[in-house]
């Protein structure tokens, strides 16, 4: 089976940088996938892609070097299985607030094979195309299950959540977490309260031998988080990138002397 | 009828800056349309949008301030009429190489009403939704017909093409024109040969009282062209913008000290 | 092969009433197809359907009693062949302005089989699903080719166009024809000039043993045209129907005494 | 933030009339949105639109005056959040049968900001495009959460459901409610049993200071319900409207004397 | 109402053979539907179709003789109702593991009419188009609800699940069941452990007067299962069929003597 | 630039076997692309794919080993350019009936760079993603232009057509050619008249140093044609494959002893 390059990056201690798709366009996905990111996350929670677009984006990402991940809209067996059967090499699940929810999420990502406890139903579909004929034998080891910590309840239970066997790591949603901590959605990651929460989540991951990742609004925050030891960072998303570059270009053009 | 704001900008001598869509996503289109451009061009020649995506993008652009234009894939009555019936406020037609082609293009954009010679078939459809109930009475005056000059033949006939009554202006394709002039697709607009061709096209427009526009790869070229007096400039397109910002962000993130 | 019920209606002298789709929705198409029309025309000229939507609408119409027709965007072999291969039982071609254009259109609808001169390329595809395994043997006889007369040139050549062997009939576009005759797009069919043109087209069809059809904005006009002997009428289209019924219902609701 | 015009209508005591989309077509949606309704509901429960069509319809509605609402397929955090992030200004949730379900639904519509208890995850997406840059600060106040009362259990708990803080109002599903009351799906709203249930729901809303709305099969029922003081009425849906007008037109055309 | 031909086949003791769609193509669906199967199952669990594709496939299947069924992604009222409202004549629900889950599934397929206990919400939509105007009166009797038995828990409760009133039958998922029984996903149906489980499920159905069906990887297994008395068999799916025939043809072509 | 593996196969004298897509499904395309064919042709003439589906199928094929080709609906600059810009590595053009048409087709496939005469407009788009950053420098040499010979006129001019500089080879449409030769669409390739025509086309290619290819209905014909020295063969298409395997499996299942 084609292996998950993110696992190699995590094991080697290098960390990984992921792109993030809010657009519902397979062409946009392959542009992002071909631009140097280690992974690309298709966001089916706050992004625009529904099932058909997710599938088309996974298909287009398959020829790029980026590992395809999906953020599902919720902790739901059916939806998680569809993302994996469509060829995702990992799932980011929002709003994991308890050990029970983490177990449900993790089980949804695993076949009940080889001693792993799981609820993933068998029918690998595109997994065979992107992973190979032996997909089902290795999928349990290659698929990433990343649980989002972004509520007060999730943070309170973070050490136990990190220890759930079927979970590979935690992924921090700083906007929702900032709201939950009373800071609002735009708190800086350097704010002591938010920074402490991030550190606690990171430590829970380290203690459990799991990966810690975080969504970042800016490249600078992503750089800082990597430096701090988080292993998966996301320096904004496609809509943010478009807006930033359009603003930059419009400023250049509009700054001209008025044509006479 | 809702008027074409580009006409006001041209009449007032201000010039206009257009965004350009190679992506096939209505969400991307409205993001671009809401970012400060005077117009947005949906590229159905080299971009990814087919008919259905063009329609969806025109629908999504309708709530933004940007004037929606379509570059059609070719000089074709049926395709041009469909773009206009779908609500475009103007058409950019590639590869107009002769007066006859310019006349055919221009006629395709006009109803044979009120003394205008035209071949546009009646059936305004979304025109009524975006323009108003009196769309068909004013569409001839509000729709922009911009003929691309991008071949040797087109350049040789540019003065006569500019004078075609049904044409509002010329739009320069510098890559194809650069190839036609023996410079290759990436010639700088400051290259004397290309600069002379641009100047000739601009002068043909001025002599005929028409608009001159140009596709530009960079914001700096767009600024220069506006300063030089061209009235419609396009500082790159969405895929270029995405790539630029992704490269910038990846450079910041990858520049970190290696995590230990 | 499943026969074309419109031919039976025409042969029996009954005339036929067709629905007309400007919407790009297969569900809308099957609603219209199941509502009592003898045929449904998918309008790919002024309507919103592109190729994929046309196909989906043809698929959805296949379980209804209505004969599926397509108005193509232009007189184009490739597009006409695609509509037929997708299962249309007839094509309405806009803007047929000369005998040469009529011949080209008619040839596009016929296989060069059994003595018929035609340019249709072989590859029946959905024709086999909707017509049966013997589709290619009978398609020439079952597919309707209706040429639109809607310009001055078309009207001037109408008798010769009607006589073109590969054409089954003429279809009148009264808005464009009204414009061509100097009456504007909204001339009444009872206006003497337009009425005379309609009568001339009808007579040309009768003389050539062909069918005459016409697009109508209202049910009353459709009734009058049938009574006058035209064989195919279209009492408006889906967007017109929606608007009419919405206006009627809103008037009822808004007429209430104001709630206190 | 662009405000929700329905709130103004409710506050001023005028009541509002909404269109209702069962079709999966953005063009149909903008036709309905431009026809005089105060709001348009995209029905993702019994209508044909899935996620992608819902998004396209919301995009097309954004240039009309109608307030865009979505009826979700079920009481589900992920689906409700996606509708809001796609730009809906309110959600109608079917089958709210208890206070607990009403709380879950209401919380799904609210950010946990400014003292409101909510579960909506942060990521406003199209909210920023249709509402403005300050969307997240005002969304809690502008988004409508309307819980459907359409079962025996829901009716029995209606006073307590109406009092749930995160709910703006109740919306009556008369077909399901009629079935639940033993009357079948087509009971008249004047049937004493159904009328009593409607009155009870209306009174529960009045007591709680909430809005009462109802789906109506006809314009006359909608008028009566508005007169009775309900604030949001829906005089049928697009498929019903199409069928009504097609039947009317076919009757006119078919009533002709038979052509000789 | 158009009746469900599968019921006739089951009642007459003949058994039925169903096609199975993993592809997301309406054209593929109608090809399969027209090829001699008694039914076609659109797989929304492991197949590629999302809501829009499911709808398009149901629309395309409506003109074929095959009874359209949908396997939903999970036991979910909203999703099940959408499949039925889109015109499916039956639902296969994965992972039914308890009587409570079976009751929930069965209730989701039934209107609470005529003494049946059900949770299906009223709004038949395409049901009216494919079933007829009296759809809602007969749908409870015509729609098939087939619960999948494919886990240890499901097998342990199979007799009680089979007895649930709203369920028409059980459908065996041999891959998941094989995993659950410790045999792995590719166990032969003749393996004693799997064969015993199949026999137990079959007997539970017989005892309860319900239908037993099974997914089969091969035509031979399907034949054997029918011979054994199961009533609904599926000899593989479209992707398997494509692969088999491509391999066969490539072997023929590649076996040629090398061209000189 | 990633090179065109078909060129290697042709140069080495091995010949190539291509799959052929009539389905409009990207998942089907990648299944075919991953099954051992040297190339996959997306048929936009008689197949179901329009522009959007063609693009999605090209995207999905990019991760397979098969070279992606497109058969366009007609000899049309705009459509041919769109196929190439979408990432096709070659175009098959139907109905090339004269040298002039062959020149127009060939020019449409070539940039006017490096001494090649061409009309392809610059804007490589997906070409950059699938070919690499130097796509435009090498595309002229890597893209295949295959002209179909399938009419009497085409056959009469075949030697001159084969000699057109911008054409890489000829591709035989045996059904249309059989009709043109008076044999009907289903003539055997061994029929002396058709065999002579095939031989003449093959010889014209050999004389001009070009490739000869042919569509074949069966694997046996494809094998024979390869053996005879044609370099590109197509053993049927996806719908044919599906039908063949479904018939085979249904025969096995239906052959069972009737269940008692």
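Labels A, B, C, D, E and F are assigned to the chains in the order they are written; within every chain, residues are numbered from 1.
Keep this in mind: a residue touches a chain if its C-beta (ideal position, glycine included) is under 8 Å from a C-beta of that chain, and two chains touch if they have at least 3 such contacts.
Not measured: the values here are computed from a predicted model.
Q: Mind listing the chains that sit against subunit B and also against subunit D?
A: A, C
Q: Looking at CA centres, what chain is most distant from subunit C?
A: Looking at centroid distances, A is the chain farthest away.
Q: Have a look at where subunit A meets subunit F and say same if over half of the interface residue numbers show up on both copies, different if under half do.
A: Result for this pair: same.
Q: Please state the rotation angle, between 0 and 180 degrees and to the nearest 5, that superposes the Cα atoms of subunit A on subunit D.
A: An angle of 120 degrees brings one copy onto the other.
Q: Relative to subunit E, which chain has the most distant C-alpha mean position?
A: Result for max centroid distance from subunit E is chain B.
Q: Sharing more than half its contact pairs with B-D, counted by residue number, which one of E-F, A-F or A-B qualifies?
A: A-F
Q: When the centre of a chain is set as the mean of its C-alpha atoms, what distance in Å lies between subunit B and subunit C?
A: One centre to the other, that is 34 Å.
Q: Distance-wise, how many Å sit between the C-alpha centres of subunit D and subunit F, to the nearest whole number?
A: Inter-chain centre distance comes to 52 Å.
Q: Check each residue of subunit A and list the ones that touch at least two other chains.
A: Subunit A, residues with two or more chain partners: 22, 24, 27, 31, 48, 50-52, 55, 76, 79, 126, 239.
Q: For the protein chains shown, what form does their contact graph take: line, ring, star, complete or other?
A: Chain contacts: none of line, ring, star or complete; other.
Q: With touch defined as at the top, which chains are paired up in contact here?
A: Pairs satisfying the touch definition: A-B, A-D, A-E, A-F, B-C, B-D, B-F, C-D, C-E, C-F, D-E, E-F.
Q: Which stretch or stretches of subunit B touch subunit F in the complex?
A: Subunit B reaches subunit F through residues 22, 24, 43, 45-48, 50-53, 72-74, 76, 79, 94-95, 150, 173, 175-176, 179-180, 184-185, 239.
Q: Touching residues of subunit B toward subunit A in the complex: what are they?
A: Touch residues, subunit B against subunit A: 13-15, 17, 19, 22-25, 27-28, 31-32, 35-37, 48, 218-220, 222-223, 226-229, 233, 235-236, 238-239, 241-250, 252-260.
Q: Would you mind writing out the residues of subunit B in touch with subunit D in their complex?
A: Residue positions touching the partner: 26-27, 30-31, 34, 55-56, 59-60, 62-63, 126, 129-130.
Q: Within their complex, state which residues of subunit A touch subunit E.
A: Touching subunit E: residues 50-52, 55, 76-79, 81-82, 85-86, 111-113, 119, 121-126, 136 of subunit A.
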